[in-house]
Amino acid sequence: MTLLQMLSFADTGWGMALLKAALMTLLLTLAALLIGALVGSVIAAAKLSRRRVWRWLGDAYSILFRGIPELLLIYLFYFGGASVVSAAHHWLGGDGYVDVPPFLVGAIAVGLISASYQAEVYRGAFIAVAKGELEAALAIGMGRAMRIRRVLMPQIWRYALPGLGNVWQMSLKDSALISVIGLVELMRASQVAAGSTHQYFTFYIVGGACYLILTGLSGRVFNFAEARVQRTQRRNPAQS
Amino acid sequence: MSTHVQAALSVANIHKAFGAAQVLKGISLDAHKGDVISILGASGSGKSTFLRCINLLETPDEGRIVLDGETIEMKRHRDGRLLPGSNRQVEAMRSKLGMVFQSFNLWSHMTVLQNVIEGPMRVLKRARAECVEEAEHLLHKVGLYDHRDYYPAHLSGGQQQRVAIARALAMNPQVMLFDEPTSALDPELVGEVLRVMRALAEEGRTMLVVTHEMGFARHVSNRVVFMQGGQIDCEGTPSELFEGLPTERFRQFVSSHQQRNHE
Amino acid sequence: MIDFAFMSDTLLKLLGALPTTLTLFFSSLALGLLLALVVVAMRVSRWPLLSYPARFYIMLFRGTPLLIQMFLIYYGLGQFPAVRHSVLWVVLKSPYGCAVISLALCTAGYTAEIIRGGLQSVPRGQIEAGQAVGMSRWTLLWRVIGPITLRQALPAYSTEAVLLVKSTALASLVTVWDVTGVAQQIIQRTYRTMEVFICAALIYLVLNFLVVRAVAWVEHRLSPHLRERPLGAPGKPTPETAPHS
């Protein structure tokens, strides 16, 4: 088979499979980003808390999720998740071993790792806003809710976007690890294609190129978004 | 200017442009041994650029530099710019010119003593013990011997500038170049640096000083050069200039600078 | 509830794989640093024929997952008879060799950018001061630019070293029996995920803690100028010690 035939979108080629897999990678990363945003902002709030217990918990989360290999965490969620689900299944009267959906496990695992990095991004952005603008809002007597809605929320994105871009790229690459639990995303699809055609080199190069396109394009999207946020900030200098 | 006495430093016809902006339009200057020349001028007149062209921190587009009878070789690049002909010669020339910067530029990772001995040891390849002895002597002279193990971050601006002067002196330069040495200092720290510079002048050091300190120009230097728009507007002894006020521009410049005198 | 006998048995088994993880880490760290120095030297070159390949290298290795790089080297290169018959095959035929090479190639891309950041932070004035005393380019690099760059780059390098420790876990996917590989094996045999995970995680956390402390120690040693003033020397930096002459 020629290279073009192998990569074609027809039934005999792997083009369609790779395209679907690339979409799966994007979807997984997006889900992880959202989970990470949710958990990450909670962790950021904990780190910024005045209560020492919360700060301690926030720091512990960071140390664990940034210090343990991603692969090990994925194993924990996959095998651990399966045991928990099976136990629940037994308790409800079922029997046998129940698998957990790999997409869910992957999104949670990559998402929780992403959360530990996103927390740092949000914390930094909060401090940056708090230093100037939030104090200004306090000075003119804005209430807490208004401060958050009128000053913090619009401003925090400006400071958080560059960091979020980096976290996104990181999650995109981490998502490749979900291939080990059988989710057919880009990495797994490349593996399957490489294995069944014995064209390992070709398909890992093609897979790598797809990742490059994804990271390159999403880098552009983030740059564009950053430029947008900066511009609107300049257009409305007075937020209060 | 007498031509049979060789100048310690002679620069001729220096031109320099940054993009479309013509910053230096043909400056020539001779410094004889023991001369203390103050270079005055409003900001943007090109006086700092001129000083930086002398030791080739900026490469002039045109011009000739002769240090102690030795002409610095320049070659012309394909696109018309001048480039130093030999790095070796430029390095040797720079080691004979002491430079003191506006923002001190002490090496932040070295102590005061290390800053002073670095040049003699690494460039002049002299023995360490000899360099340390010399450096300690110089640090005594600028009043910072007790601070020899401090790092620059632990010193005030005035102290850093005095170290920078000692660092330049340690190379035993033939000419000292001062690029606005007191402009970055708090007013109360200017005096200590000017006192050191005055002492050097009295020792007979050859010095080129770009400055805003009218008192220094008037009372310490033996020649004053006033630059305006990338050219020399007028020059002469301090009394010729400050009492004669030869040009309208210089008169305006003097009257707009309240005569500060730190002595 | 906790089976201490099983835990200690697992911990011992995992510690048996620790030397593999450690040598993976140190050899790819050293190799990656060397490579990064070459890449960054090319990257900051004014000559486009050098700087563009370096840019491409950095984009390639930072823009794709390490796993696919590792698989490409382990499975992909062996596909070519030319590679199998070359001297490189001595290294490339072993999973361990492939793991070290791909870890080093990948970390070199990130490290090059870290070093470049450090280079850019060297104050222009301190370089000019070196030029002004007549330092040659090598003296300047060795005495001024190098030390300042090193100090500036260390915090980021510490983060990169931690990422590299974690990345060594991927070697288990090309059949290197490192800590993660052995952990995965035990999990699949015993289904006691939590206990095995705790033991393995503990090993990596301690390892990362030591890496961070080691780099912080080097950083501390290299930045006496950011610490307190030397003891015994006169007090505040005031102009009280006026020039003598």
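We call the chains A, B and C, going by the order they appear; numbering starts again at 1 in every chain.
The rule is simple: contacts are C-beta pairs under 8 Å (C-beta built on N, C-alpha and C of every residue); 3 or more make two chains touch, one makes a residue touch a chain.
For reference, the UniProt names are A = ABC transporter permease subunit; B = ATP-binding cassette domain-containing protein; C = Arginine ABC transporter permease protein ArtM.
Bear in mind the structure is a predicted one, so any value in this text is a computation, not a measurement.
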| item | value |
| --- | --- |
| For chain A and chain B, chains touching each | C |
| Chain nearest the overall C-alpha centroid of the shown protein atoms | C |
| Chain A and chain B: spacing of chain centres that average the CA atoms, whole Å | 56 |
| Separation of mean Cα positions, chain C and chain A [Å, integer] | 24 |
| CA centroid of chain B to CA centroid of chain C, Å | 44 |
| Footprint of chain B on chain C - complex, ascending | 123, 125-126, 128-137, 139, 143-144, 147-148, 151, 222-226, 229-230, 233-234, 237-239, 241-245 |
| Partner chain A, residues of chain C touching it in the complex | 59-60, 63-69, 71-72, 75-80, 162, 165-170, 172-173, 180, 183-184, 187-188, 191, 193-194, 197, 200-201, 204-205, 208-209 |
| Residues of chain B defined as touching chain C within the complex | 55, 57, 87, 91-99, 101, 103-111, 118-119, 122-123, 140-144, 146-147, 149-156, 158-159, 162, 164, 167-168, 171, 188-189, 191-192, 195-196, 199 |
| Residues of chain A touching chain C in the complex | 63-64, 66-72, 75-76, 79-80, 83, 169, 172-177, 179-180, 187, 190-191, 194, 198-201, 204-205, 207-208, 211-212, 215-216 |
